[in-house]
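So that we are looking at the same thing, I have put the structure below in structure tokens.
Chain lettering (A, B, C and D) follows the sequence in which the chains are written, and residue indices restart at 1 in each chain.
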Amino acid sequence: MTLSQTYKQVRQQSLDFCKHLQVEDFAIQVVKFASPPKWHLAHTTWFFETFILIPNVKNYAYFNSNFNFLFNSYYNNVGDRVLQANRGNMSRPTTNEIFAYRDYVDEKMQEFLRDLTDKKIIDLVILGLNHEQQHQELLITDVKYMFGHNPIFPVLHEDFNLVNVKNTNLESSNINGGIYEIGYQGNEFCYDNELGVHKVYIDDFEINNYLVTNGDYIQFMEAGGYADFNLWLDEGWSWVNNNQINAPMYWHKIEDEWYYYTLSGLQKVDTEAILSHINYYEANAFAEWKGMRLPTEFEWEIAAQQLDWGKRWEWTNSAYLPYPKFKKENGAVGEYNGKFMSNKMVLRGASVATSKNHSRATYRNFFNPLERWQFTGIRLAK
Amino acid sequence: MTLSQTYKQVRQQSLDFCKHLQVEDFAIQVVKFASPPKWHLAHTTWFFETFILIPNVKNYAYFNSNFNFLFNSYYNNVGDRVLQANRGNMSRPTTNEIFAYRDYVDEKMQEFLRDLTDKKIIDLVILGLNHEQQHQELLITDVKYMFGHNPIFPVLHEDFNLVNVKNTNLESSNINGGIYEIGYQGNEFCYDNELGVHKVYIDDFEINNYLVTNGDYIQFMEAGGYADFNLWLDEGWSWVNNNQINAPMYWHKIEDEWYYYTLSGLQKVDTEAILSHINYYEANAFAEWKGMRLPTEFEWEIAAQQLDWGKRWEWTNSAYLPYPKFKKENGAVGEYNGKFMSNKMVLRGASVATSKNHSRATYRNFFNPLERWQFTGIRLAK
Amino acid sequence: MTLSQTYKQVRQQSLDFCKHLQVEDFAIQVVKFASPPKWHLAHTTWFFETFILIPNVKNYAYFNSNFNFLFNSYYNNVGDRVLQANRGNMSRPTTNEIFAYRDYVDEKMQEFLRDLTDKKIIDLVILGLNHEQQHQELLITDVKYMFGHNPIFPVLHEDFNLVNVKNTNLESSNINGGIYEIGYQGNEFCYDNELGVHKVYIDDFEINNYLVTNGDYIQFMEAGGYADFNLWLDEGWSWVNNNQINAPMYWHKIEDEWYYYTLSGLQKVDTEAILSHINYYEANAFAEWKGMRLPTEFEWEIAAQQLDWGKRWEWTNSAYLPYPKFKKENGAVGEYNGKFMSNKMVLRGASVATSKNHSRATYRNFFNPLERWQFTGIRLAK
Amino acid sequence: MTLSQTYKQVRQQSLDFCKHLQVEDFAIQVVKFASPPKWHLAHTTWFFETFILIPNVKNYAYFNSNFNFLFNSYYNNVGDRVLQANRGNMSRPTTNEIFAYRDYVDEKMQEFLRDLTDKKIIDLVILGLNHEQQHQELLITDVKYMFGHNPIFPVLHEDFNLVNVKNTNLESSNINGGIYEIGYQGNEFCYDNELGVHKVYIDDFEINNYLVTNGDYIQFMEAGGYADFNLWLDEGWSWVNNNQINAPMYWHKIEDEWYYYTLSGLQKVDTEAILSHINYYEANAFAEWKGMRLPTEFEWEIAAQQLDWGKRWEWTNSAYLPYPKFKKENGAVGEYNGKFMSNKMVLRGASVATSKNHSRATYRNFFNPLERWQFTGIRLAK
């Protein structure tokens, strides 16, 4: 597939999901960390305009010069920007204007890609497409958050439940200790945080090929898991108490039965399905209760070939820190990953909401240990 | 005009303003106190459904039973409700569903009004229409707030500036002291807080027939009004400092010149026009600087006939407290006014955004002394 | 008594109360609005140094030039100051240093008073003594707050309960409507906010000679008073719910019996004693429940001669606003009262903690309607 | 030295520092994370009473049964406790009562130690002494925080500056990569978080034998270090901006010259002395500016023998996470370290305020990356 075709396909994928949305759905931001859909659509477009078209297309005519300010996410090198928490305060530009913006930039991009041979710019376009794929996952999880916090629990689509996935391999693997190489070694795209192949020493360990299910987690809940401070990290225990948490996100107890909000509406919890929407503290407490632990990101990467992975982002017991040979690029692109390397935990794998062709065994996802709105799950090791 | 015709006209007026809005504009809530337009449209409809149709129409079929919960504003007697700050978190029901809800309720209301003779219910319908008129003003001021806080300053309509109103009478009136009667004495509609005619004793006073202009206020600003603590009430001075206030709401200094956001877009401040969008503390500080004072609500009511009023809500120096003979009605309707009688100041008059047929000299408007998003102005007395 | 003698007596009175305190008690601030005892002792001294000695004593030698900054309360005209919330962060200067500061200033003041004849300065000294008396009451209520929030409930003194006061007159008075004069008319000291005698018109009213007792209030509580929103002002109802209030301040239910913290320790609530430590919203809700109302400050002043008052500060239904002829003095002294005239309610009477010779029928005390740490009570009218 | 003698010596050391304090200094808490000195004195005593005396001494008579609740720090297994932020709200028990409590427990402990042979209990006593030593360091840093935030900058002692320490070795060391063993291997006391010797693989690295000086850091500041977002982690950059940080804690610019608060009062910054009171984000930004990086805790431990360490806690680039063989003990003692293993960074070394005999190369200190009130410094590696 040519770069031009890939570009078209990835860009189209963002719009496909949006077909099920109403105009109002595009505009609203319920919580600071979840952006309005129209912001995602504009911001991913802004990325191509700002980093590809403006610096490389002679006399490039801006679609709208305000958009640089409106749709910058966190790139200090690019200038001022709207605060993240205020993205949902702007009814204008409308969704239609943003669709027009996408069309405009896509047309300019297709023209530009026709004669593009510069390897550095090609890499930047590929980065932009991977960036768009990351936002495609956020589009789904942010809409789920918005609908899941609407008292009438809207149905996005009857066939888009996303949570009733099952384990297929119920064994465990024993991995021998020794020196292993970590980091991306292929020739395709990867993020800068995966680079710099380096050695680590690992002890023998055992890791489950399967993830924790809703049924497993209900046992933890029924055994008083949310009330036993000995299972929790201190910050997790504060979070449980300050927010009176007693179940994963989106779960509701109705007439003594557990239900969860899914994008197909409120449904009975499927006890066979893989658990989702728990944070690092919950994952850690569950592991403690089981007398096991979360794997480190290195263990996970080493064992990856033998695991059944790709339906949930899996919390690891590794903090998100630079690899020994990590190099931050100059300028705005250098802000992509490196500056977030504090107070985050690494997640490995991929989720049901992850875009196709956007996962690999060396991928380092990372979130604040308190977050639960992604499709996050638990794999145990010991 | 029959009640049925009045009903139709008032309800239509809410929709007229909305013609200039885009779908996204209906859904967004920028700040706790300003509700999304679609919420206003639904809530005013909910009022008729809840207080007229449900109790009086046999076998009334709800449009949607969730709406009772979703669109209750502050009536504890009616049951649970969505928190005011969360009104903008709900993309669904969509604006179109709310238009359908309005049509449905309007049709049922027209049927019901046809044979309505019960005086108590007629009064409640009239209360509902006055309630809708109040929300028509909020619709305008809330949209102005949303647009005025959007960095691209959208234009609602080129001919809908609303702020360039001028004084017509530049004299002052001298009113003799003595005993006066206060409160509504007519046979038309008025709110419960205007009732209970009672006597007050007033000293001689002088009151301006005109309001403070933008030009007057710029003089105050240039004389250092926002920096001189001796002019300010203590809570006002904290507000100025904590928020680094140096001008009325919506004003921006651009290249050494004052502009303000209007619903026709950003415009140069018209120094001849009447000042707007200041809070009680600013009004009070300005009066102090002038060596004058704000009138009390009693002085205002006594002098009203001689004044040129109706373009701005005028801050008075009266706290919003019950009249001596105030009686709270039983049940939900009793929550309309009475429970807000603390920490509010009375505003008299009416603004350019006030609905037609919705103003009178005895009308007691009230707001938190910090608020500025209404079209509020200053009249001086001494 | 000469001014010099009065000075000595009033100053001594502040120290008398402190005899029962330990050194640690002097230093601590539990909550923003309650200052550490050593701050009260220093601030009242600062008042004399700043307003009497520094401007009038030639070559006056400061005790410590830092103290002007440290012990200014809220006088913007005097310069910068320590934030109110930070008064308890300063272990130094020590209590002993502050006693030395008092001795130093007292000695200089006695010298200065010997030859003082200037009427304006004499008035300022008298203001300073009244100011000290106000802080004597705060000393008591602030220490009660500190001890009452210490989990071990320290006893200040076995014979200093302060709350078991009883009503002596159980009748009601009927007052005829008409024009009355309000404001201070004597030749002694009064605050500026009492000045400007003016007329008000009042309707006939009835007022209780006695105050609400703990027993009365327990009936209200047992009748579900804290759970019935129809009794509450909107802001009061939010306060009840956000803070899960179900009793007056300092009350604790222990094994199904009500106790309250007093300066003599935790004691069983005396149902015959007059209720204390309720805020305006509680006072208003109780009155509503009784089908009565709070008197206005004018009604209170008119009826005062017939009432048994002086054991509790009594919430009135009047907002704290300037009298028609109120004049703010120039400079720092003008900040004494005037700038607090927003969002406060007037209390009339005096409490058991009020200094001797510091009460009169025209006295206007004022607090935020949420506060309960003063000895506040309820008188009903209708 | 016998255990009894060690006990006596360590306990005495806490009192030695307190000789320079005034009574008021013992009682105050300026900020949530810094406890009042008398709380430290009581809490360390509570540790011995709770974990040694109560479970092991038959018919042990409590000094005061309230103290269990008052002086528990964070042990959920021991029961309820006073919130950390409220430790400074309690003027009672007084400092003298706490001295009496110490005497009482010390006497009981000496009796108990006389015949003590049980290895497990001996270990717990030694843990209690190490615990006390940790609080001795906090005593110093908390008092520095209290005095350093008092506008009059009190002097604790003329000869107790603590910050003018210099580097003695200005070379760097080159360490060869390979497999190394990490963790405590001796027979003396260590914390549970240092246990479980395990192998790590490390690449070649270079590490400075000296720490960054105040002079070095001033160069960073003058080069605009606090204004260049490219040097900062995202959370660090927010912290700099939200708090307008432009220098280390305790630094003040006075007439164009840098001063810092020391326990000997305000002094000119010594540019030759080792930098102190910076947080992880500042350490990281400085390293970035230098084109170097912080060492990991493993690199630090491997290089320790060659380094000149022990005057500052040195931020490493390692998150505080369990070692592969970490085992949490059962019950309250298990809460000592393990539950804090999230969102903290490891510091290695020891500071001028660390108690004698309380440092070793395997010691893992940890703090929130935002904290600066410890004597923290920067060592660079590459």
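In this section, contacts are C-beta pairs under 8 Å (C-beta built on N, C-alpha and C of every residue); 3 or more make two chains touch, one makes a residue touch a chain.
All values reported here derive from a predicted model rather than from experimental measurement.
Taking each chain's centre as the mean of its CA atoms, A is the chain most distant from subunit C. Measuring from the averaged C-alpha position of subunit C to that of subunit D gives a distance of 44 Å. Between subunit A and subunit C the centroid-to-centroid distance comes to 57 Å (mean Cα coordinates, whole Å).
Mean C-alpha position of subunit B lies 37 Å from that of subunit C.
Multi-chain contact residues, meaning those touching two or more other chains, do not occur anywhere in subunit C. Taken as a graph of touching chains, this assembly is arranged as a ring, one closed cycle with exactly two partners per chain.
Across the complex, subunit B meets subunit C through its residues 74, 76-77, 179, 198-201, 203, 229-230, 232-237, 280-281, 317-319, 321-322, 324, 334-335, 339-343, 345, 369. The part of subunit D that touches subunit C in the complex is made up of residues 22-28, 30, 38, 66, 69-70, 82, 88-95, 146-147, 149-152, 154.
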